Each structure stands twice: as C-alpha cells, then as structure tokens.
Amino acid sequence: MTSTRVRRLCLSCLLAVTALSSAWGREITDMVGRKVTIPDRITKVFAADPYTNVLLYVVAPDLSLGLQPGCLPFRPEDRRFLRKEIAGLPELATQSPGGEQAQVNMEEVLRLKPDIVLAMGAKGANPMRVGSLKRTEERFARINLPLIFVDVDAIADYPAGIEFLGDLLGREERARRLSQYARRAFAQVQKAVAAIPPEKRVRVYYAESADGLATESDRSLHADAIRMAGGNIVHHGDIKTHQGMEKVSLEQVLLYDPEMIISQEPEFATNAYHDPRWQKVKAVANHRIYTVPRAPFNWIDRPPSVMRILGVQWLAYRFYPNVYRVDIRKEIRQFCLLFMGVDVTDADLNEWLK
Amino acid sequence: MSVSESVMPESLELLAQEVHFAYAGRRVLHGVNLTVRPGEVLSLLGANGSGKTTLLRLLLGLSKPRSGVVSLNGKPLTHYPRRELAQYLAYVPQTHVTPFPYTVREIVVLGRLPHTGLVRSATRRDHHIAMEMLERMGIVDLAERPYTEISGGERQLALIARALAQGAHILIMDEPVSGLDYGNQIRFLALLRGLAADGYAIVKATHHPEHTLLASTRVALLYDGAILLDGPPAEVVTPSTIQRIYHVEVSAFYAPDGDAIAFRPSAMNQMHVHTLCWHENRSASEAPI
Amino acid sequence: MRRGVPWTAFLSVLLVVAVLAALSVGRYPLRVKDIADFLLAAAGLKQMPKDTYDLLYNVIVQIRLPRVLSAVLVGAALATSGGAYQAVFRNPLVSPELMGVLAGAAFGAAIAILASGNWVVVQATAFVMGVVAVAVAVGIAQLAGGASIIMLVLGGVISGTLFTALLSIAKFAADPGNKLPAIEYWLMGSLSLADIKVIRWVVAPMALGIVALTGLGRALDALSMGDDEARTLGVPVTTVRYSVIAVATLISAATVSLAGMIGWVGLIIPHVARLAIGPGNTRLLPTSACLGAVFLLATDSVSRTLYNVEIPIGILTALFGVPVFLLVVRRARKGWI
C-alpha cells in the first residue's frame, strides 16, 4: 500500500470510530436517578403515557410520534386547537401512568423506531411508585429502547420536569420560557389562595359524569388542580382506585351543599339547570356550574396533564375572582400561544369564562 | 260422571285411514287403518321401533300423517281447534316429573283448561270437577300433596283424573303401567276395564302381551310400521304372533275354558341373544349365550 | 305451602309499607315527624313555612320518589320475567339473562357511550340491543331446528356469548382515562339514572307486560308439564312460548334501560315467592312482582344511604341474594319449593 492510502485508511477509520461513538451518544441521569445512554441526536420520541404525551406535545411537538387517543379532544370543535403539524400524526395507544393498564403495541413502537421513550415516574420509596417504575421498565426492556422517566406527578413538579425535558431534547430555550411562565403562574395562584382563610374557602363539588353523580374524593389525584387553586372539595373519602369516579346519590350532594360545581360534561350543566331535583343545590340555584374547557386537552383532569398550569389559574379565577386579580383573558391567551402555539379568539375566551 | 258436561256420545269414533308417516327419510308407518270406539280398551302391541309412539301421536293430533287422515266423528283432526279437540281426546303420558311442586289438585285442574281457556282462572266448578275425578280414582286424600312427593302409581292415577277432568271420552295412554309395581299394575288394568265399561274408549300402547289378555277388549299388533292383526286378544296374541313381533319363543298356558292366560318364554337356556331389531330388513346376528 | 292466608292483602300492605319506608330514608337527614308533617301539609291539613315545604318536597318528591318508583318497576319487572322464564324453560335455575338480553343491552350502552355519551341515546340503544340479542337467540334456535327448549337455550347462550365478546371489544377500544370508566360506571347499574320523565314513559308498557305475563299464567302451568301434554290440553305451545319470551324480554330490556344491569333479582325472587305461595303461575307471577319490588326497594335504600358513596346495587343484590338463595335451596331439597 502507498503511504497516501495508509493515511486515508487511518483517517477513515478514525472518522468511523468518532462517528460511531457519537451515535452511541451520551449518558444522562433521568428524574428518578437512573443512568441512561441516549443518542446524541434525538429526532423521534415515543411518550408512553398521557402525562408525558401532553408534556412532549408542549415542549417539542415536532419530535412526537403521535398522540394518545384518550388525550385527543373528543368533540371536533375542540380539535382546531391542535397544532397543524401534529394533526396528521397517528393515534398511538400507550400505557396508563403507573403502567397497570397497557394497550401499547410494542411492535408498533418498534416499527416507528423512536430514539427514546418517555414515561412518567416519580422518585420515592413508596412501594406503589417503585412497583410502577419496575413495571414500566420491564415492559419497555423488551424492545431495548432507552427509557427515560420524567417526574411530573404533582402540578408543582412541572417547572422542573419541563426544564429536564428541554435539556434532554435540546429545547433549552423554549423549556426555560415555559417553566418561567409556570413558576410565575403558580406563585400568583398560591399568593391569592394563601390570603383566603380556611373557613372562607369555596365549597366545590367536582361532577365528572353527565348525570353529575360521579365525583372524586378530596384526596384523589384527579382533584389536584382544584386543591391547588384553593377549592374546598366537599366529598371526603379514601381513594379506592386511581380510576376514581365514585358514585354518590343526589341526596348526598344536597347534603354537601356546594357553592360551586366544576363539571366535566357540558351536558350536566344544561340538564341540571332545568332539572327540578337539582334546584335545591346552592350551586345550581345560583347558576354556578362551570364546565371545564378542553382546548385541546382537558384543562384539569382526564388526563391530568400540563394543561393544569392553565387550569389552576382558570379555577382560581372562578373561585376567588376578587382576590385572584390577574387579567385572566391575557393569561389564557399567553398560555395558549406559548404552550399550544395557537391563537385564541375572543369568542373562545367568552365561552370559557362565561 | 254426574257433573261432567257431556253425555256419553255413543257415536264417538276415532278413525285412522291409510295413514302413512315418515321421519328423516325413514318410513315409520304405512297403510295403517285403525278404529277406536267407546267401550273399548284397545292395546297397541309392538316391539321397540314398530311405530307405536308415532301412531299414538297421530291419534292425538300431535303429528300430522304424510298421507291418509285421522278423523274424529268424520271430521279430520286438523279441522278441530285444539281446545275443542282436547275436550274429546286426552293424553295420559308415562309419568314424568315436573320441576315444580304443583299439588295433585292443581295438576288435575289443569285438565279444565280446554273448557276455561288460557286466560280465565279456574272456577269453583272446575275445582269441584277436579276433586270429583280424584275421588273417582280413589286418591282424593292426596289432593293437597305435592305431585312430586307421591308414588309413581298415585301419579299415574292423578294423570288419569286430569284426563277425565278434561271431559274427554277417548283416553290415549303411552305405556301407562311401566312405572308401577306389580300390584298397582293389576289394579290399574282393572281400573281401565271399569272405565271402558262406563263408556270411555281407551287406547294404550303396551309392552306386555299378558296384560292384553287381562284387560283389553281389542289388540292391534304393530310390526314394522303396519298393523299385522287387529282383533280380540285371544285371536291376536298367540305364541306365533309373539314370535313374529318379538322374536322370542313362548309357550301359552290355557285356562280350562280354552283362552290363553299366560305366556312363558320357552327354552330360556338355549335362548340366542339377538341384537335389537329395529328394521325388518336387518338380519339379526346371533351369538350363543 | 301456606294457604288460607289473605295473600293479596298482605302483599299490598307490604308494598305500601316498603314504599313509605324507602321514601323516608336517605342521606339527607329527615325525621319521621318531618315526613309526617309534609304529608299532612301536602294534603292541605297542616300549615308549613314555604321554605321548609319546598325543601321537603324537593327531597321526598323530586329526589326520592322517582328513585322509589324506579325500584318498584325494575324489581317487579325483573322478578316477573324471571318467574315466567323459569316456567317457559321448565327450569328453576334460569333468569332473564338466559336469552342474552342483558349482554345485548350492555353492549348497546357501551357503543352508545363510545359514540355519543348522551344519556337518552345510551338508554335507547341499550333497550334496542337487548331486544336484538334475544331476536338473534331465537333466530339461532330457528336455524338449528325449532322452538324446543334446548334450541332456545342454545341460541341464548350463543347470543349472550357473542354480545359479551362484542362488549369486551367495545371496552378495549375505549380509552382508559375517560370512556372506559364511563362504561364501567354504567355497567354497575344504578337506580339514580331514571328520572320522572322516563318513568312516565315506561310505567304503562311495563305494567302491561307484567299483567300480560300473569294472564298467561295458566298456560305456563300447562307448559311446565311438557310440550305434548300442554298441546293435548289445548295450549298453543309455540305461540305461548314465543309470546312469553317476547314480553319478558321487552320488560327486562326496559329495566336495563332504566337502571343498568341488575342481576339476581330475576333468579331468586320467584323462588322465594314459590316457597310462600306455590308454583301456580297466576298467583306466583304477581307475587314475584311484589316481592321483587320490595327487595329492590330495600337494597336500593341501603345502597344510597349507608355510606356517602353509593354501593353499586348489583353488589348488594348479590350480597343479599346469596343467603336468601341458600335458605331457599335448603327448603328445596324436597323439590323446588
């Protein structure tokens, strides 16, 4: 061999080795403390449950492989709030947070070849938490993809979670703006709520079904946003399952006598205002049933997602409009633009704030 | 029979003419002619598969013949509404068990259905008639007992009481003594004779040639879907006919006056074991015991 | 069997007492005096401040009464159709579920929840699919060769299995966050679903259905002897059989529409009634209706009063039903009394 050729060979070998090693990627520590090796460049991400689904959509929608069907808005009129880019993507089944139920099709995930998989995971020695981490790990170990746990269990965890994800995906700038907004919003809400003494907290009933008789207890994770916004949830009880939706009788609601009802199904408000049986409930008589908006994702629950950053503000506005003094219209506009990338119209705002 | 509606119609006649019946491609009955008149105990004697049950069902109107006609008083059965037919013809099945504990009286009162119709409740008169029939059968003290708790013989009597309560004069029975003990069998046959004497017409399918000698006024021999012979028991039920339809050899024992009174299988020790013959065409394979 | 007891009077009094008792219990604490005062005021015999009257009216008449009426209708309908089925199929162990009506209704409700979620749509679809499932069962029986009991049971089992599988598909397609809990919620059954408007719609047809089944009581007695015997007694067996199945199906499907799936009532109440009053269907069916109503009133009262969360009524009917059934089975060693 000529010396030129030898040099070229060595150079190509060197280049090959460097190229390979950079494809091997870097090592990071995820939010539960695991060390994971991920590729340098991430172009496709599979979000394995509703929490991370929406989080990914917010932080880096272009990297998302698709949305979980349960997150997607059911009514066509809410779909206009989805980003155009994501609208064409497939609906992908995922697992539930905590991994108990999984409809995710592993072969489908493999076929799509994501660079990493994101899943919800929280630190802690709580056996339920440890169990769900293990379950998820085992499930995704089968397809040998890097699995990264993101801790967005409680609403207050969002700023840190967003920033982590931003670092991970190379969207630090965007993540910083999002988390700054979140921190500011939380601070505002907490300040307002702190000013209300416990006995003056608004008595809220959370109605989840069309007949209004399915609800969550005060300690349920589904009612996180209501608690954070300073609502005093009237239904007390131990949480039976994560699924929630406990059934109560109308008499029980009457007994609770809530001042305000936060409802998930629009049908409930329409029916209850005309239903003679509900008239004795203060909230109904005073026309204080507020239906949770879904644009494009549910603002406070089902799934409990990063939308709650907005949801909490909306709730605080409903609960304590005199104390929570912000320009709520401006806040909603800003959130939707910043997080969702959509412009909302005045008509939309009127609808959500009526 | 003082309370029963109808006077014994002497002219009541059930007639089967040139009746053919086939089932699933198999010929079951062909060219059967049979007449049933009041005052008769007509026994249908035949081996398993000879068509006895089918003939009974045709006589009851439960099945329709392929050709030929079964008629009552000149009118084909199919021209009678079911309810009306039930007032002439009654079915006394082999005893069965119903899952529910109806009392004997409730069972017998059901016999009044053809008269009251489906929707009306049983009247007091209906209950009265039911009790009368039970008395006639000698089991009136069983009236309030659950049907499921009485003996086989008592059940059979209850079923006859029901048939009588229907007001029917033609009683059609399928092997009525098969579940009864020896004593009850004899008593039962005597009862049938008594009913015939009162003007009823009894048609019964039976497996017991000897019973026909005791109680029947007429015997029809059924062999392979056709009636071989039809006449008084003494003429029809003989060792040679028994051999023909049952393929067993018997000897007859005669009373002093010359009528056969009993049969005894002869030469049991040299008896060949035949496979059951369902068709006349199938040759019986023989194997020594 | 106890005869000579004035059953009609006893049962009527029992039903009235049960209704009044059910109206007086509930989460909202009312004293007996309040209720008595209310009744007097309603009759115009006593004065009461308007606010108090309105509140009592709201609780007793607007909230509790529809529920009580619903319990009476559903309990009566399920018990009667259970008794009728047991006679038609000559089997003390059958219940309205046999022909697939509950499986069909559950499937109907599930797809309606998936597609729309509107309650009227859900109720209507549940009813329609319940009837369809039985029609499928009868169709299968016809295909297999006729109206005999074995064929009908076969058809019912096939239809029930088919619709249960379809229900599982629907549940699988439902997302676990939203639709699936809604379906499970519906499947648990509850008497709170019916409001007075729906009750007004269904009370006449259901009452008529119960009366019709009772009217066929004697025919059912004959039918339980055996097809041939019934025919020779003048009963049009096939017509009666299909009519009873049709009517029993319609009222069972209506109960599912009113209150979701409630089991056990159709199975055990006829047995209790039979123990008391004997198997004659002209008395058994109305007695079952009355006892079914009382039973469901009792279980529903417990369901909505014991805790601040409602206990699903299907659980309670099973919990109360099992010991009752054991008692019946003990007595039944002598034959299905």
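Going in written order, the chains are labelled A, B and C, and every chain counts its residues from 1.
Just so it is clear, a contact is a pair of C-beta atoms (placed from the backbone, for glycine too) under 8 Å apart; a residue touches a chain by one contact, two chains touch by 3 or more.
These numbers come from a predicted model, not from an experiment.
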Longest centre-to-centre distance from chain B, chain (CA-based): A
Chain ID, smallest distance between chain and overall C-alpha centroids: C
Chain B and chain C, separation of their C-alpha mean positions in angstrom: 45
Length of the line joining the C-alpha centres of chain A and chain B, rounded to whole Å: 82
Residues of chain C whose C-beta touches two or more other chains: none
Residue ranges of chain C in contact with chain B within the complex: 1, 87, 90-92, 215-216, 218-219, 221-222, 224-226, 228-229, 231-236, 240, 274, 278-280, 282, 334-337
Contact footprint of chain C on chain A as seen in their complex: 50, 68-71, 74, 96, 101, 103, 209-211, 213-214, 235-237, 243-252, 254-255, 265, 267, 275-277, 279-280, 302-303
Residues of chain C that touch chain A when the two form their complex: 26-29, 54-55, 58-59, 62-64, 66, 117-119, 172, 175-179, 181-182, 184-185, 188, 190, 192-193, 195, 304, 308-310, 312
Footprint of chain C on chain B - complex, ascending: 57, 60-62, 82-87, 89-91, 93, 96, 98-103, 106-107, 110-111, 113-114, 116, 118-122, 146, 148-149, 166
